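The first chain written gets the first letter, and so on, giving A, B and C; residue counts start at 1 in each chain.
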Amino acid sequence: MADGFVDPAVLDKVKVGKGYIAAKYGFRNHWYPAILSEEIEEEQVVPAQICGEKIIFKRIDGKVFCIKDQCVHKGVPLSRKVECYTKNTITCWYHGFTYRFEDGVLNGIVGVPESNVIGRKRVRTYAVEERKGIIFVFIGDEETVPPPLEEDVPPGFLSEGHVLRGRRQDVNANWRIGAENGFDSTHIFIHKDSILVEDADLALPLGLVPLHNGAFETTEEDGGPKGVHDIFSPEAINPVFEGKIDGETVRMGRPEGKNMLPQTISIWMPCALRVQPWPAPDITQYEFYVPIDGERHIYFQFLGKTVGSVEEEAAFDKEFKERWVEKALIGFNKDDIWAREANQEFYADDTGWLRESLFEADGNIVRWRKLADEHNRGIQGPEHVR
Amino acid sequence: MADGFVDPAVLDKVKVGKGYIAAKYGFRNHWYPAILSEEIEEEQVVPAQICGEKIIFKRIDGKVFCIKDQCVHKGVPLSRKVECYTKNTITCWYHGFTYRFEDGVLNGIVGVPESNVIGRKRVRTYAVEERKGIIFVFIGDEETVPPPLEEDVPPGFLSEGHVLRGRRQDVNANWRIGAENGFDSTHIFIHKDSILVEDADLALPLGLVPLHNGAFETTEEDGGPKGVHDIFSPEAINPVFEGKIDGETVRMGRPEGKNMLPQTISIWMPCALRVQPWPAPDITQYEFYVPIDGERHIYFQFLGKTVGSVEEEAAFDKEFKERWVEKALIGFNKDDIWAREANQEFYADDTGWLRESLFEADGNIVRWRKLADEHNRGIQGPEHVR
Amino acid sequence: MADGFVDPAVLDKVKVGKGYIAAKYGFRNHWYPAILSEEIEEEQVVPAQICGEKIIFKRIDGKVFCIKDQCVHKGVPLSRKVECYTKNTITCWYHGFTYRFEDGVLNGIVGVPESNVIGRKRVRTYAVEERKGIIFVFIGDEETVPPPLEEDVPPGFLSEGHVLRGRRQDVNANWRIGAENGFDSTHIFIHKDSILVEDADLALPLGLVPLHNGAFETTEEDGGPKGVHDIFSPEAINPVFEGKIDGETVRMGRPEGKNMLPQTISIWMPCALRVQPWPAPDITQYEFYVPIDGERHIYFQFLGKTVGSVEEEAAFDKEFKERWVEKALIGFNKDDIWAREANQEFYADDTGWLRESLFEADGNIVRWRKLADEHNRGIQGPEHVR
């Protein structure tokens, strides 16, 4: 399982953001969304893999707990065949080893009730937070006290009155390819024929070109989320609607669209994007590119809206289900998923980080790499995924 | 093909049974069952892979011979397209190189009958024994004189009057995972819902717990089979029918069953298990976990019974086919196959041998590892499988 | 991608033709057929992989150009989604980077028309020649001036009045296994039951046995093609029709056939075979075993005939399509494809080159290895395939 981490010989040659390039399996000691609240009912057991670590969730009396998905005895995955004999535990299907979710302690062996290892062994536990319909898990050292969840999500994500609706799917590309695809301002070129463009009457340029290095800013205050944001003001970024080659116009964007969106795009530690507003003037889109392992990520998409009443939330819920899932989250972002998967091979052995050739419009991505290098709380390594 | 052997850095850290952990491809200079007699008719050619070695059998005038399944010339597998022009030989489909099964000598090249390499090259041969309806092959150095087959099977297996019926199937797990699954006394937990339990009216506990270290013995006499056996006497092993967690009964075994089986389970070099009696009071079950390569084994299952007449054998044959294949060999042991395959990933890169955490009920398995380390006649290595 | 090249420890032990054994991905600075003319129409874009290099062809005003199939920016394959906005260019589907085929220069970015990298970056180009209905590409260093195509094809291949018809298919075997299978005079054994034998009324022996070392000659003049050829004269090669083992006839070839073909077989740098005449007295067969990567080759088959008029060419075209494709190119050579794929495993990790055991009839193959070692213009290495 140590396979798939970055070759040190490659890492030695990296000049900018070495810690980011090293983080093929993600950053350690951060919060990550893992599943949606609606996916785990009372007493249901749900497995996941985050940053290479195989874990298992259970909801007990409403609260969600998480332990490592591997019996200490012979190492089998507990989730391969779920057996629960008490509400607070899971029992290994192989020899009956039973673990308490609260502390991971082996509190029984079904067929060996007098064993002297009972109470003396345990699986590790993971801190869990459930907020806004999302189950977050802290992937890090068990002895590390997790910082507030607010530090690991975009600003505003957890605000009162801000409701979220979302979905997730696995993508066959490293999480950094996901993150950079989302934050990359010139990749808008791939969306030129998207079904969302007409549906949402978007003014869609073929390129969003930063006019100078001040086209992005960072947020790096202690105790808060760390991120880089583009400002889409006319002084900072030029939306190009007339596509040209050698001075000749070869393709038009859609300048006639009524909605010129978004106004700012930002990326946040450890792996979140915020597009504001999108796909409509009163909605914000959030994305998380959660590492599964070195070659795949869970792509979480959320739409957020600040509502003032239950009725307003119900209306947003209806709009989400009936319009945005199909047109925006699937219809528009399928181009991104396709692009990430098409880009995976080049970076698969990590030499792509040395062979790529970024250009001036990629300044925000370089800044993101530096910020992630500086503000991460650790790098996930081979020793963490066994 | 050298891939898949144990990393020496892992092996260095092994404390108990180093030679056993090293034997990912099995032990060398031992007899292994390869196919059933009924699978190879007169002049039929049958390929197999044992301990990583690709071999080919042919029955000639009733006797089965075995040679390496690789032409010396360009290395192609002879079995890929079988061509036999004389009873005693096989001809390579590519250039007509023809090998005599008796001694492996290149005794002709069909289209180059005057070649000066005829009689001067050969493929290696393997010693074969056919006993009790089973074709055994000696996987070892060609210059080693094989010991009697009796040393490499459980005691009683070849006894006069003892008839055997069996089957085989490939399992996607290392052979040692197969062997340890079979000999492991607390894994009985996985069989609690087996169809065999009611069918054979078994008293099935949820755990078989050794009461002290004397719960198993070894057989290590020179010139005989080497093995470890559990004794299921009340002084040695406690059958637990009441499954408990935290003092609460959470699940019952089947104490009401009429047949309390087995009375002893034993494991034998190089890779055989004996369960006595099983699945009925007058029958013994034998299993062999024959290495195919580092990740798979052939799972042979035999039922043995001592009979006094041809009629008794015919009755046993009928019982075997009509009852035991479905209820016991398939119905009961499918749980074991599933468990082995689910356990394979943890041990696949061999770090599992360092990360596992055995408990007091695994004393017999630790003893088996030591015995196998001490009594094997060699370790299969990369140089043997090309 | 560096995986799959020859292990230096293996190469150290090679005694004959070290450069040939090293050339797992083919020879560098040579011409290779890549596609057929009929496969690429005006303005059509066609990708290929030759010697591990991913390239892309486009026909512009009748002439075919070739560039590397990888955007300089983030390394995605241009061919994954072809977008062309001008006749002379291809535009990367991801960020609109646009490359001119003639010189590979980045001559525009559709959505960033003012970018300062325009005109300053480029992808590499490859020299192309279109002759006799075949697109050849020069796989080599961009600064190397390609020699005339005539040096890299068999003599006569490009002669005036010599018309060619052909096909191609991918084969799952290293290109050297393809080349040696074709040139190997005793492999005729595999064709003994081919449908072509009766159809073309061939005199087909079971072996073609060289009578002495003079059974082959080489062509090594400066400035011309380099090759080894067998002469099928009665003094040099003995066609064996009576297959024998231990002095007994076990199988007959087909001595009664009217057409005793071929009269000479030759092999040419970098990877071509000529069989003359074949499959009929007035036709020559040419084959190219073009490396795709270390494990696959494109198998080109051509039949060539010297014609004196348009009508004669039309008749040959009809004969090719209606008879030879089915009976010869597919029907006869499918045995060869099968044999190459069956031989791949033995040579896959390159230890097969050390473990094989050639015999006296393989003298022409040994000579070919030496000639290829001496006359190649470079070895394709890991640094060339990224």
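Some points to look at:
We adopt the following convention: a contact is a pair of C-beta atoms (placed from the backbone, for glycine too) under 8 Å apart; a residue touches a chain by one contact, two chains touch by 3 or more.
Since the structure is predicted, the reported quantities are computational estimates derived from the model, not experimental observations.
Look at the contact of chain B with chain C and you find different residues on each copy: under half of the numbers used there are shared. Its C-alpha atoms superposed on chain C, chain A is turned by 120 degrees; the angle is given in steps of 5. Per-chain CA centroids place chain B at a distance of 47 Å from chain C. Those residues of chain C in touch with two or more other chains do not exist in this structure.
Across the complex, chain B is touched by residues 1-2, 70, 72-77, 80-81, 85-86, 89, 91, 93-96, 98, 107-117, 121, 386 of chain A.
Across the complex, chain C is touched by residues 184, 186-190, 205-209, 240, 242-248, 250-251, 253, 339, 342-343, 345-347, 349, 351-352, 355-361 of chain A.
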